[in-house]
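Below you'll find the structures, each written out as structure tokens.
After this come two complexes, each holding chain A, first together with chain B and then together with chain C.
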Partner chain A sequence: MSLDYIRAGTTEDAIAALIRGGDDAKVVAGGTALVLMLQEGFIAPRYLVDIGRIAALGGIRDVGDAVIIGATTTLWQVMTSPLVGRRLPVLVGALGRVATVRIRSVATLGGNLAHGDPRLDPAAVLLALDASVRLAGPDGERWLGLEELFVDELTTAIGPAELVVEIRIPYPDPSSRLTYRKLVGQTMDDYGVVNVAARLDVDDGRCRDARLVLGAVAATPIRVPAAEAVLRGAGIGPAVIAQAAELAREAADPVGDLRGSAGYKCDMVVVEVRRALTELASGPGGPATPAGRWSDS
Partner chain B sequence: MTRQSTGTTVELREERIDALDIVSGRTRYSADLSRPDALWARTLRSPHPHARIVRIDVERATGLPGVVAVVTGRDFPEYRMGRAIRDMPILARDRVRFVGEKVAAVVAESRTIAERAVELVEVQYEELPAVFDPLEAMRPGAPLLHDATDIRAWAAPLQVVPDYPNGVMQRTWGATADELAAALESSDRVIEHVIRTPRQHQLYLEPHHCLVEVDGSGVAHVWATNKAPFLLLNYLEAGLGLERGQVIVHPLPLGGDFGGKGSFMDIPLAILLARSTARPVRMTMTYREELGAGNPRHAAVVRVVSGVDREGRIGARLVHAIFDSGAYAAFKPSPDAALPEIQGGARGPYDIPVTRVLADVVYTNTVPGGHMRNPGEAQTAAAVEIHMDALARELHLDPVALRRRHLTTQARLGEDGAASEARAFDVLDAAATAIGWGQPRPPGVGRGVAVVALHTSPGVYSGALTLHADGHAVVRTPLIENGAGILTTLRALAAKRLHVAPERVEIEQTTDGFTTDRGLGGSRVSRLESIVVRRLVTKAALRLREELAAAAILSPEEVGIEDGVLILPTGERLTLPEAAQRLEATIEVSDVYEATAADSVTVSVAQAAEVEVDRETGRVILRRLVSVHDVGRIINPIAFRGQIEGALVQGAGYALLEDLPLEDGRVATLNLHDYRIPTSVDIPTPEIILLPLDPNLGVTPVGESTPGAAPAIVNAVAEVVSIPLLEFPLRPERVRAAFLRAGEAAGRSAGEADASG
Partner chain C sequence: MGCVQTYKRVHNGPRMTVHPNNRSAAPGSVSSRLDVHFELNGSPVDLTVEASDVVCDVLRDQLDLTGTKFGCRIGVCGLCTVLLDGMPASSCLLLAPMLEGRRLTTIEGLGSDGRLDPVQAAFAEEQGFQCGICTPGQILAARALLAHEPDPDEPRIRDWMTGNLCRCTGYASIVRSIRSAANRLAESGGPERSA
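Moving on to the complex of A and B:
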């Protein structure tokens, strides 16, 4: 069985190749997830459409109220971008927790979101940042919020011949406090047992708005609307935090594996959510505070 | 009294002779080699831990274009392979006994075709009850893996097969059962702990691979990932019924060993396939196969019992270790079917009046165990050192003080029988001081120590030395370079004895002209090679003296020999290469040295760890790792330090992460996402402290000199949790569960106090 490697020069070429290849075609960006799936026999495409050389899919630009990042920008390029560093330090921190330098230098932001693995760090933090993706396909273009993008484990709303073209991340409000926590159970470069991305928009000690996102404990990264609701309008203290953490536990539906049993992971949701919110409640914790690379320790 | 020890840093000097080739990709490993017309073989492995093979249908696989042959166990005579115990079939015949056992093999024109054809082999199994735990396997009524009569028939010369179900061997050392019982009886308190240690994989970068070609005269040439060519020859000859000369093993460098590259793996199968297809055959294990069906460290259950008097003195000690052999014992090379250094690890550096050591090895339906760094000792030393801490805490004694009270004061025997004073105290004290023993601990921080006695084992080693007329020297050796730097060490040893720069000595790896050699292992090779080199240089000196004397018309006695230098009556001094040059002669000497126990050395080492434990998540951060060594001579400082650092990291992985857990008998960690080893950011920079070098000891063991790392880490975590931790690796969930148990225990005793008060 042969595998055709097609190096697309433009987005249109790539889409055309995907239409031609139908079910047998797969996009490859950094290839870090794709090659593993090939090796494990999860997928057996006959055409690989490499989008890495499409100039229009790269780059990071400031559009005033948001940053737009081309899909094939590597995680390393994103985290070392001065613009991202200034406006979205929480994203820099989260990207710094992805695997190793080797992976970060090759893996792309678009590939990360398109992969649809619930444990991915960028996915959780981008959900808390209300990011959206621009897709291009046979029927033209459309924007999709991340909540619509993630459908199920390794399943996204990206159509068969569609590409993620770019990712739009609105700049958080100056009153937003953000943090990203990743509890690793084994080695620092491991996937999280539980990932928590949290955002509190705080006015005069009151929470105006909140986002609470859990990663690695459900089929997709999930928001916890019930917890967000109790946080919204509340003064953030231990009681509210404990309540939000309990609601997060209820929302979590983890699968037990080598990184911990389902029960352990649920308990860790409570711990990590509590720690995340406590950090945001107590600290000046504005958007300029990066989520520390070693924030779990 | 604390004796002073000074820290010595090892400076980096000699470069590895193979470094440039390795980093530039020039080094050719087994998998880089091929032969014209070579075929690929892949095997079908059992999905069941225990089953009868009802039927194998190879028709569809055979029909796939590009497939040359499909074979099953029925296609060969009933060969049984093994290092000491030949109990392992090359392909299963009627029964499979672990998930991953080889059932059929496909030989094809390409690896991909072989892989696809393997999936077309249809096997009908009838599942049998399986047993995964050695303690359960020993009980009456447990499923039997092998017939008791077969086990006895396979037994190695010193193997004592016990009567209980699934017993491979049983052995005792030291006091008798009666003596122990009497000593425990007269103790004030008897305290025991049962410690469980995990299966650990060696995790060499290079998985097993072999290439076999049978030449026109029927001789099988083997290029394989194997670390001991002459042992391999023995296994192949005994298992396949071959004569010396029918197999030639070509030495190749290894991409890591850690003890795991001594087994034969796919080589016998590849020989049979190369013979039956009359074409060269290559086989490689994927990492999935490595993790599921390699030859990992044995899991063990170790019971340690101490009888203690009122003063906290241990008068009696039992260490009973039960090793999970897996489905076969074939990968154990010891003639008693035990693992080496069980006794050494169990006794430790302690003088306890009545000590009994008991070891059982038991078959279970799991992956067969093999050798890994400190086999036997890793398990028993960990158990004893974990017990020592738990015992001390139960007796309200300081764990370091309790150890000190029992450390041996016996003199060590060094090179040529030179005795020197025991330094177990020094290593322990240095480790304790370095880690800050007794200093205040920040919240969540714990410290632990462990002290271990190390012994080198004997073995037979061969070598040859050629001094060329142009003044350069060649050392020929059948030793394999496994990554530890033995060839560089050998060159340094020869250069020193010959009084030349290392660049003037060439190392040639070959099995040609040699008939025996024990190969890498047991932390003994540098030590014994230093003896072989000394003997070669002495032989060469005697030969050159004769030739010089003959040339100068002197009697040989008129030429003096001093430290490998020839002294002419004129007072002129000639190094051996100079003498060869002067004579314009090329001389060659060879040596086979059978080392005995008298060539062994015993030293103590201590490791200490500081950890920070997150009470809520159970996550352990290793903050410091200290390793203190009692050392004789250091030949190659880079290799020396590399061995200690690597072993410490492997010990940290053993304590905190590494395991091959089973789900329904299947190894659950079948890729390197799931089987994790520590990375550089998980490990603090190791603090290595050497006692002042004691040249009396000669070359001391270093490759296996940190078996205390794992128990020191476990003890450090236990200090924070405040209850004994008797099972590792200490993954977060396990540690958190221990915190919860400790909390309940504290709650209970507080409740009892309330009730009584």
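Moving on to the complex of A and C:
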């Protein structure tokens, strides 16, 4: 079956092509996930709509209280942006854990979210940062929080003729401490066994607000509201941390695979959440250094 | 891992059709065979490709540039590493039409007329390879690193080179080669940033 390739010049062009192509059309930007699925025969689209040359979908801009990143900005462009480095070092660290330089240089931030793979590093940390995406489609534009975006494994709330246009990431409060941890079992470029993104907003030693996000251990990256509730208002010490880690274990629903059995992954959720919260409790957080590589702190 | 047949694509002979009068596909146009115009190792190239062709096959089968090897075809092994606008990319995960307007560098683009690129020379001198199949990818990845960071330490080298697999050397001699290349480039006035 032939595959038709459409180079969209504008967002409107792309949406029109997606409407024409219907279920047989797929969007391609960096292609690192899509080409893999094509090569392995997981998908067989009739039309590929290339959005990589749409100028309006690129770029990184400061809007005062947030950074807005165009959907087709590559992970490398995001992580080497001085603005992102200054305001969101935790995101730089997480992007540095994505596969290899070869993937980071080509894969796009919008594509990463649209792919809907629960194991991908950016999704978990962007959830902890309360990021949202702007979608454009036949019925106009809408904003969607990441929690609404991720529906199931490889399934998002993005409509059939909709595109991710940009990602909005609010700057964390000065009181926010953030970390991202990724436990890998075999090689550094592998998917995580367990990914943890955590944020504690701390005033006078007490936690005012918290985000605890798990990646790779459920059908989507998930927040753990029960653990966040325990952390909120508490002084962060070993007892509260242990309680939050147990609640995270209960929220996890991993599938056993070559990276470990479901039981092992649940155990590692406890360990990694404990490490993440301990790090945030003791230090200023906002790690400029990519944390979480085989460290047993 | 996928079945063996998927690892070798069969092409119906070389397709090097040049379309000098058809400079670029109009935005929104639809075709299964389409023209792509890009810079390859410093020279402009006009090609007609299938939409589903991946770059490593186009390089090897259409352009006879067999220096780019392929192995896993799933972006993991690093054998098919090329530089896309100066950054390493897996050419097995790049569709040929995505090259439109881009700058591609393969191992054939390094060095000139019997003169090795400093990174190639360092790999030769430090024995940064044995069987050689990963070497084009290793050298291109290293070259991109040194273009961005002229003086990387060993942890940085190992981090950057993650995923360029070598089953012969144990990596020590590769790291040594890259450090040696950094020194060579520093002596010769820094890496060309154009790679």
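Couple of notes before you dig in:
Going forward, the second predicted complex is superposed on the first by the 285 of 297 C-alpha atoms of A that agree within 3 Å, B and C clash if a C-alpha of one lies under 4 Å from a C-alpha of the other, contacts with A are read in each partner's own complex, and residues count from 1 in each chain.
Following the convention adopted for this analysis, a residue touches a chain if its C-beta (ideal position, glycine included) is under 8 Å from a C-beta of that chain, and two chains touch if they have at least 3 such contacts.
Since this is a predicted model, take the numbers as computed values, not measurements.
When both complexes are superposed on chain A, chain B and chain C occupy overlapping space and clash. Judged by the touch definition given at the top, the superposed model places A:E246 against neither chain B nor chain C. In the superposed model, A:T32 makes contact with chain C only, not with chain B. If you count the residues of chain A touched by chain B and by chain C, you find the higher number for C. By the touch criterion stated above, A:G260 is placed in contact with chain B alone, chain C being left untouched. In the superposition on chain A, A:T100 makes contact with both chain B and chain C. Residue contacts after overlaying the shared chain place A:A16 against chain C, while chain B stays out of touching range.
Once chain A of one complex is fitted onto chain A of the other, the partner contacts of A:M268 are limited to chain B, with no touch recorded for chain C.
In the superposed pair of complexes, A:E147 makes contact with neither chain B nor chain C. In the superposed model, A:L183 lies in contact with chain B only, and not with chain C. After superposition on chain A, the chain C segment that clashes with chain B is 167-175; the remaining candidates among 23-31, 95-103, 149-157 or 167-175 show no clashing C-alpha atoms. The interface of chain A with chain B overlaps its interface with chain C at residues 40, 100, 187-189. Contact residues on chain A toward chain C in their complex (touch as defined above): 2-10, 13, 16-17, 28, 31-32, 35-36, 38-41, 47-48, 50, 52-53, 76, 99-103, 105-106, 187-189.
Remark: chain B residues 612, 614, 616-617, 619, 621, 657, 661, 668-669, 671, 673-674, 676-679, 681-682, 731-733, 736 touch chain A in the complex.
Within the complex formed with chain A, the chain C residues making contact are 2, 6, 25, 27-32, 34, 50-52, 54, 73-76, 78, 81, 84, 87-90, 92-95, 97-98, 100-101, 141, 144, 159-160, 162-164. Residues of chain A touching chain B in their complex: 40, 100, 183-191, 193, 258, 260-261, 264, 267-268, 271-272, 296-297.
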